[in-house]
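Chain lettering (A, B, C and D) follows the sequence in which the chains are written, and residue indices restart at 1 in each chain.
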Amino acid sequence: MAARKLTRKDLAEAAEKYKNWGRWGPNDEIGTLNHTSPEDIVAAARLVRKGKVISLALNFDQHGPQGAKSKYPSLGRVNPIHTMLRTGTDAYAGVLDHRGIRAADDMVVMPLQCGTQWDGLGHIFYENSMWNGYDCREVTSAGAQKCGIEKTKAKMVGRGVFLDLPRALGKKVLEDGYGITCSDLDTTAKKQGVEVKRGDYVVVRTGQMEAKLDAGSWDGYPGGDAPGFAFETLEWIQRTQLAALASDAPAIPITGAVGSPTNPLAIK
Amino acid sequence: MAARKLTRKDLAEAAEKYKNWGRWGPNDEIGTLNHTSPEDIVAAARLVRKGKVISLALNFDQHGPQGAKSKYPSLGRVNPIHTMLRTGTDAYAGVLDHRGIRAADDMVVMPLQCGTQWDGLGHIFYENSMWNGYDCREVTSAGAQKCGIEKTKAKMVGRGVFLDLPRALGKKVLEDGYGITCSDLDTTAKKQGVEVKRGDYVVVRTGQMEAKLDAGSWDGYPGGDAPGFAFETLEWIQRTQLAALASDAPAIPITGAVGSPTNPLAIK
Amino acid sequence: MAARKLTRKDLAEAAEKYKNWGRWGPNDEIGTLNHTSPEDIVAAARLVRKGKVISLALNFDQHGPQGAKSKYPSLGRVNPIHTMLRTGTDAYAGVLDHRGIRAADDMVVMPLQCGTQWDGLGHIFYENSMWNGYDCREVTSAGAQKCGIEKTKAKMVGRGVFLDLPRALGKKVLEDGYGITCSDLDTTAKKQGVEVKRGDYVVVRTGQMEAKLDAGSWDGYPGGDAPGFAFETLEWIQRTQLAALASDAPAIPITGAVGSPTNPLAIK
Amino acid sequence: MAARKLTRKDLAEAAEKYKNWGRWGPNDEIGTLNHTSPEDIVAAARLVRKGKVISLALNFDQHGPQGAKSKYPSLGRVNPIHTMLRTGTDAYAGVLDHRGIRAADDMVVMPLQCGTQWDGLGHIFYENSMWNGYDCREVTSAGAQKCGIEKTKAKMVGRGVFLDLPRALGKKVLEDGYGITCSDLDTTAKKQGVEVKRGDYVVVRTGQMEAKLDAGSWDGYPGGDAPGFAFETLEWIQRTQLAALASDAPAIPITGAVGSPTNPLAIK
């Protein structure tokens, strides 16, 4: 069934229906991260069985997705630029010895959306507001006075739930423009024998990142069409009371959108 | 008792005695992080009782320690410089609406030693070598071809042991130049009812960071005299088989120094 | 005679009286630089007698004025951060030889007001407008869509007139807060046997830069009280029809202020 | 006539024959810029007839040549990244008014070879030396201790001679790999009725920059094959005693190579 074309009115109604503004008080800056309780963390820790550490991070280097071909302008996002302040070649050349220390040091220049990352709730605006109703003018050239990502620094721990959608749906990869449905999400959870619960950190695999890495090119990935959550999933996100949502595709609504479902790229 | 003055010969002998080069094979790039086994991680997870998350991080902003007065030149380390690529004020001014998205985006320029951080094993050189005997020329202007911190990305999980030295020693803060002894460490562990074991991540509190934050000035902190581990603690570090060592003081030997005990700042 | 305290009304009236908005058409982006004609440039070239080149530039390095103590927050201005992409030590270490080229390369991170510089006409806003009446929203996070400094790149050549105020006034340096008067400027020009004419590039020496360099500290210089042009000099600037105005003090109205006399720091 | 393949021996012999090391004393750091005398500058000024200013600069922005497709890795060169510290949209949103100043401010991150630029004499090394025989280890991660471009700041003024090679040779553009000969240069000068003299700043047009700008793509330009000066032109460069050499192609030997003819890219 072809999705009907969504209007700004649909968006406005959904925003009104699903928004969590005020839910944790007028001064809250972390939104759905509040869903995770200390007890949830204790319980999550009990689930560790293999002791295997899996990094979900891309390296911050020149091989990242930025700069690849895209339908949309890059808005200044580039791959990290890493330079050295002192090197082993300096050491070898003897030029560090007057200080009595042979050491390397380095520096990075990087957009904060240059690789794997979490959005802060100050990332997306709805009309003239950001999450919880804060004025969008709280995000100036001097940074985010409200809802900066640093507000989450004593949070971001909880049960992770990995939903491998292409595997459950019998695909290799969710294609560009694919709208993930509530049914897709529930089917995947069921097949994997897991239930998404209040306070979970949900990681959705679309296969896109792996496909691009296999292809040896990020073309079409940054700001691309991408698979994403269908409009209806706002209900699923609200119902599951998840803490945060991450994905290997560039435009799945992440933390910010959970509180304020307004990331247009994700509305297919 | 006044410590005798150490010589390069002492250093060379200690390096020979305590180094772990080759211990995990000639191609290893993570050193003592190998001490932590999957079983250690499972056991560590079992210890979570309160579900309380405590951030050990300084914010990456202009209020960090870099640029403060120091006896030593800063070698190019500055506080993070955070700039915006798009802002809420742009949104408010209407200049983003031609794209149909109101969002903020940002960028950071920062030395990788500008706040709380982990050293990679490529940070310190001993003569013309870095950890495991790799040639120091593996760290060029193009970065660390060996022992970069990215090599640790599927590690860095384990049992954390917090040793509050000033509390155990009845002090408010360990003063600049204080040499922490093996006895200090053992006393603290004993008083806290904890035993440092193979594969632990040991976090040593000296009180320095808190003191500087209380004073409202980082003067004397970056590259300062600082308290540090006494030379003799090389034996303690080797014996405990810890995975990594962190501190709130700027010059405690961290990961790198565990494998290759050559951080001169820490040798008092 | 103590200057009376100026009000916003004074400022508004002066702005109305002296502004050049529209003078060179509604699409002009270079303002008083239009005062210099090709004939002026030919005539200026004829004046060269000694063939001596004098640089007015501070080096772009870590010894610049930014970061010095100031009564006003620095608003993100730091000294240039210079890093290398390839070095002579890399060359010496042999790590560049696989490419067959031994060369150095470098990078800079710098605020565009970190040393000697020219302001573009998009630097200062008067209410919601910039020079020539352009909407201030033309300067977004994506840069200045109007009145950027790049618009001047085929200008900025003309007769330079150096006015050494402290010398003419029998002082070593104009002190902080000193308000330079029309009389001061005329006296100086007369003593030096020069007349400021339409299209000139006027360089005003206050002695401040030399004083700070002699003191070995920039404290008080960036964003400091500084000497500046007294309010009445708006008339002098308008009358002389100069092309641009530069100084060794941080807050003399420069190009921007000539067209749009609204740099509040300069109104004493 | 096909050029014979050059060997390292040819290079070594030419370096020995043409190098200017020591010519202006052992402490010189500006090389052939010494060729221009004050009298030359006075004479050059006398030549100004039209008073027309022509910028030879590319704007420092994201539309520059870096990042284009190239046969050679970019070695970290990217186009300038320009970000704002304060904006007109901030002004419009009212968030600057607590300071009483409505102004914009900005920052740039850029490799120093990201657009039109002059090489310093510390750019290229011959074996373990740079110009005048300085040790290449003078260029460390901390920058160039010798022969940095800042050493030229009270020079770089003189007679400019523009040689439009494709025009003189009846071509639209010199093609990639074209080796400019002494005869080409002399023919062009003759056709234009100009003689290259001691102390001149010679600007050679190949048509490459214009061709890329016309094509709307810099592909093949940065680090590309490019036209360049044939090996034999070392004699021409030495004989003319020019001060500096610039071009619209990426690999013509520039200032550095004049003193020390070792830029391999330029040896066809």
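FYI, a residue touches a chain if its C-beta (ideal position, glycine included) is under 8 Å from a C-beta of that chain, and two chains touch if they have at least 3 such contacts.
This structure is a prediction, so every number in the text was calculated from the model and none was measured.
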- prompt: Taking all residue numbers at the subunit A/subunit B interface, are over half used by both copies (same) or under half (different)?
  reply: same
Query: Which pair wins on C-beta contacts, A-C or C-D?
result: C-D
Centre distance in Å when subunit A and subunit C are each reduced to the mean of their C-alpha atoms: 44
- request: For subunit C and subunit D, let me know how many angstrom lie between their CA-based centres, rounded off.
  value: 27
- request: Going through subunit B residue by residue, note those that touch at least 2 other chains and give them in order.
  value: 75-76, 81, 83-90, 92-93, 95, 107, 109, 137, 140-142
Statement: The residues of subunit B that touch subunit C in their complex are 62, 67, 76, 78, 81, 83-87, 90, 93-95, 109, 137, 140-142
Statement: In their shared complex, subunit A is touched by residues of subunit B numbered 37-42, 45-55, 57, 59-61, 72, 75-77, 82-89, 91-92, 99-113, 122-128, 130, 135-144, 150, 153-157, 264-265
